[in-house]
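Have a look at this one before I ask anything.
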Amino acid sequence: MASTLPLITSRNLWKLSPLQKPVQSWVETLAQVEDKKVGLVDLHPKIFAVSPRLDILAKNVYWQHQYKKIDYRWVPTRAEMPGRNKKPWQQKGLGKARHGSRLSPQWMHGGVAHGPRGPKSYFFMEGFYQRIAGLTTALTVKFHQNDLHIVDSLDIPTENFQYMEQLINERFWGPSVLFVDDTDMMPFNITAACSKIKGLTLMPTYGLNVYSMLKHNTLVLTTKSLDKLEENLLYYLHHSQFRNSPFIKKVA
Amino acid sequence: MASVEKSLLMLRNLPRVALNNIKEFPEVIKERKERHALPRGKDAKFKLGADHKGAAQRMSRPRLGFGKSTPGYLRVPKEYYYSGHHLLRQYLPISLLQIQRLIDLGRLNPNEPIDLTDICNTKLLMFDPNKRHYGFQLTDEGADVFKSKINIEVQWILSELTIAAIERNGGAVTTKYYDIASVHAMSDPRKFFSSGKPIPKNGTPPLNAIEYYTSAANRGYLANPDQIRMERLKLAQKYGYELPDLEKDPLKDMLSKRKDPRQIWHGLEPGWLVNLKDEVILKPADKEWIEYYKS
Amino acid sequence: MHRYLIKLNKLNATMVNPSVLVAYSSNFSKLSERKPLPSRPINLEGHEFTSVTESKEEFKYVKKLLPSLVVPDPPEHDFYPTPSGWVPPNNEKCSKFPYFVLRTRFHNFPIYALEREGGSRKLVKIKRIEGDIWKFDEDLRNYVEKCIEKNEDKKLTIYSQVNEVQRQVMVKGHYQDYISKFLIECGF
């Protein structure tokens, strides 16, 4: 499965402004342990050379954590406590404090006045363009910190996990690596090998998210997933569908 | 040095960006904390801003309008000038300058008739039939710079300057009424075709609009074509331009395309059912159906 | 999806049957094709439907109605500026400056006139500025001040605020006409 010939050296970058130059990346293979470059490709600057807004990354990570969160805590009020709500002793004459119920909040084992009330969902959707900005920022950050590697395919010669271990150590890829390909069904060898090592994740392109990209030290994209990713992100950066505000001013 | 390039160069030398070293802007964090925080200070007693004791704290104040001798619904008078305001038709304004800009940028095709669907498809304006938007009205902003020859169909025109500006360049204008079912279909054709309904038959205009759409001065679709020719001459004389001869125009066929009063789209008749997936149109073959849709 | 893959991966390699993989793959690929179940069973027997004729020729009219979802590239014109006042970016002019301003996806300038505090505070925001934003700010202010002197015979200082992180400049006063002239002259 080793591809010895040099791969694509040119890629068509869609909607490239002549004022912005593309960034370049090596294309590598997983077919052998040694780090051999197989090609050099252009990457779109609107995705891989974006202003590194770390606060947008933080926003996206917060969103990813919060939108799935449901708080199941529920505590009864004095009305929902089990038992009868009887007046404990007569109002006057005993010298004791006046009380109407043993279940009021000031009593021990009484109901809670302003406690958590039932399943509470923290669901919200971060703005559409904030989420796109999050993805592009994460990709630029990974690229510029030498944590992004582009690979021709995820085919490896054996299913032994030692092969993957050696490969990762040889290339100084971090202990956690995120492999991204365009399919749902990954090749057998890599799934078998990665299942044995903690920290290696296989993911389809549509599963790519800011949290996973930051959690894993290294991001490995196949050329196929790179094409799909660029196509989708550039489409959303250039489509005419969602408009936030109507055109009102006559400016050139 | 470009600010983005500078910051990306800095990134190369800084530690790896991970989940433990990114943070949002302090203002954002503060705002979020304040939004989710429990009330403090005078609000901490959960009185929701009410005074101490009394009906306010005990949530037993009367509802809005009540509490005085005469309740609100009897005190506030009814003004009949606004009756039916919730049923009034609205027309989103689009100026000649905007149309010219869309044509310049290739978002509107001047070689085809322009109608409601084309303007909605540019997504320039937030057109919503659910808000009683019955179509577009042309305004005269940009009448002096307008230079395209177009066959445009809008729903309302207030000033004759817009009509003059279009006709001076050899174009054609009509105002056409679409009822709300047709407008729903026209504003989002893809959604309409996916719903599986046959193309609707356009309704006749309501009583308060018949005068408008039958007058040639407004280029109404129900007006007499001879009267429209007269009006074109009148405008040319009034605004001082020579009326271009449309007979000799190479785009004569396109400029003279007009829709039937019951028709919504060019080339498609009411009653037809569009199958987007198989790219086929189903037409009713039954006599009754054909008669109904052609009436 | 990711969770199912992990479960599959954690199985011992020898225990995984190719048939299981095939079953998994067929499930995953059909997920996108799965239709929602109908609320109640639709019985088409006994219904009389009107007769129908099919036609494929008129479908071309339908295709014209369906919008293109991507913003088209502007066509080539003989003269610039176009009748509406649009000017395309001029790459030769742009390269002389240490900054540049990217166009919006609708090929217009990223200039936005704002009114805050009930309309009493008038601002103009210029976005998407790349390069030396401080130089851009200086040049912009000088240009607008000159424009005001020429056209309105007033000597005013223009106040502006640079937001380097978000690559924006906010100018006080509704001078969007002069600012757009500046951008056209620079060829952005």
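Which chain is which? They are A, B and C, in the order written, and residues in each are numbered from 1.
Criterion: a contact is a pair of C-beta atoms (placed from the backbone, for glycine too) under 8 Å apart; a residue touches a chain by one contact, two chains touch by 3 or more.
Since the model is a prediction, treat every value here as computed from it, not as a measurement.
**Student:** Determine the chain that sits nearest the middle of the structure, using the mean of its CA atoms as its centre.
**Tutor:** It is chain C that sits nearest the middle.
**Student:** Which pair wins on C-beta contacts, A-B or B-C?
**Tutor:** B-C is joined by more C-beta pairs in contact.
**Student:** So, what's the distance in Å between the C-alpha centres of chain C and chain A?
**Tutor:** 23
**Student:** Roughly how far is chain A from chain B, centre to centre by C-alpha average, rounded to an integer in Å?
**Tutor:** Centres of chain A and chain B (C-alpha means) sit 37 Å apart.
**Student:** Per the centroid of Cα atoms for each chain, what is the distance between chain B and chain C, given in Å?
**Tutor:** 20
**Student:** Going by the contact rule already set, what residues in chain B reach two or more other chains?
**Tutor:** Touching at least two other chains: 3-4, 97, 107, 122-123, 142.
**Student:** Identify all positions of chain C at which a residue touches two or more other chains, and write them in rising order.
**Tutor:** 67, 71, 85-86, 106, 130, 167
**Student:** Check each residue of chain A and list the ones that touch at least two other chains.
**Tutor:** 51, 240-241, 250
**Student:** Which residues of chain C touch chain B once you look at their complex with the stated criterion?
**Tutor:** Residues 50-56, 58-62, 64-67, 71-75, 77, 82-86, 99, 106-107, 130-133, 164, 167.
**Student:** Enumerate the contact residues on chain B facing chain C in the complex.
**Tutor:** 1-4, 97, 100-101, 103-107, 112, 117, 121-123, 142, 145-148, 189-190, 193, 265-268, 272-274, 276, 279-286, 289
**Student:** Mind pulling up the chain A residues that touch chain B in the complex?
**Tutor:** Interface residues on chain A, with respect to chain B: 49-52, 54-55, 57-59, 61-62, 114, 140-141, 144-147, 211, 214-215, 217, 240-241, 243, 246-247, 250.
**Student:** Under the touch definition given earlier, write down the residues of chain C that touch chain A in their complex.
**Tutor:** 1-2, 5-6, 8-11, 13, 16, 21, 24-25, 28-29, 67-71, 81, 85-87, 89, 91, 94, 100, 102-103, 105-106, 108-109, 111-113, 130, 165, 167, 176-177, 180-181, 183-184
**Student:** For chain B, which residues count as touching chain A in their complex?
**Tutor:** 3-4, 7-8, 11-12, 14, 16-19, 22-25, 28, 46, 97-98, 107, 122-126, 141-142
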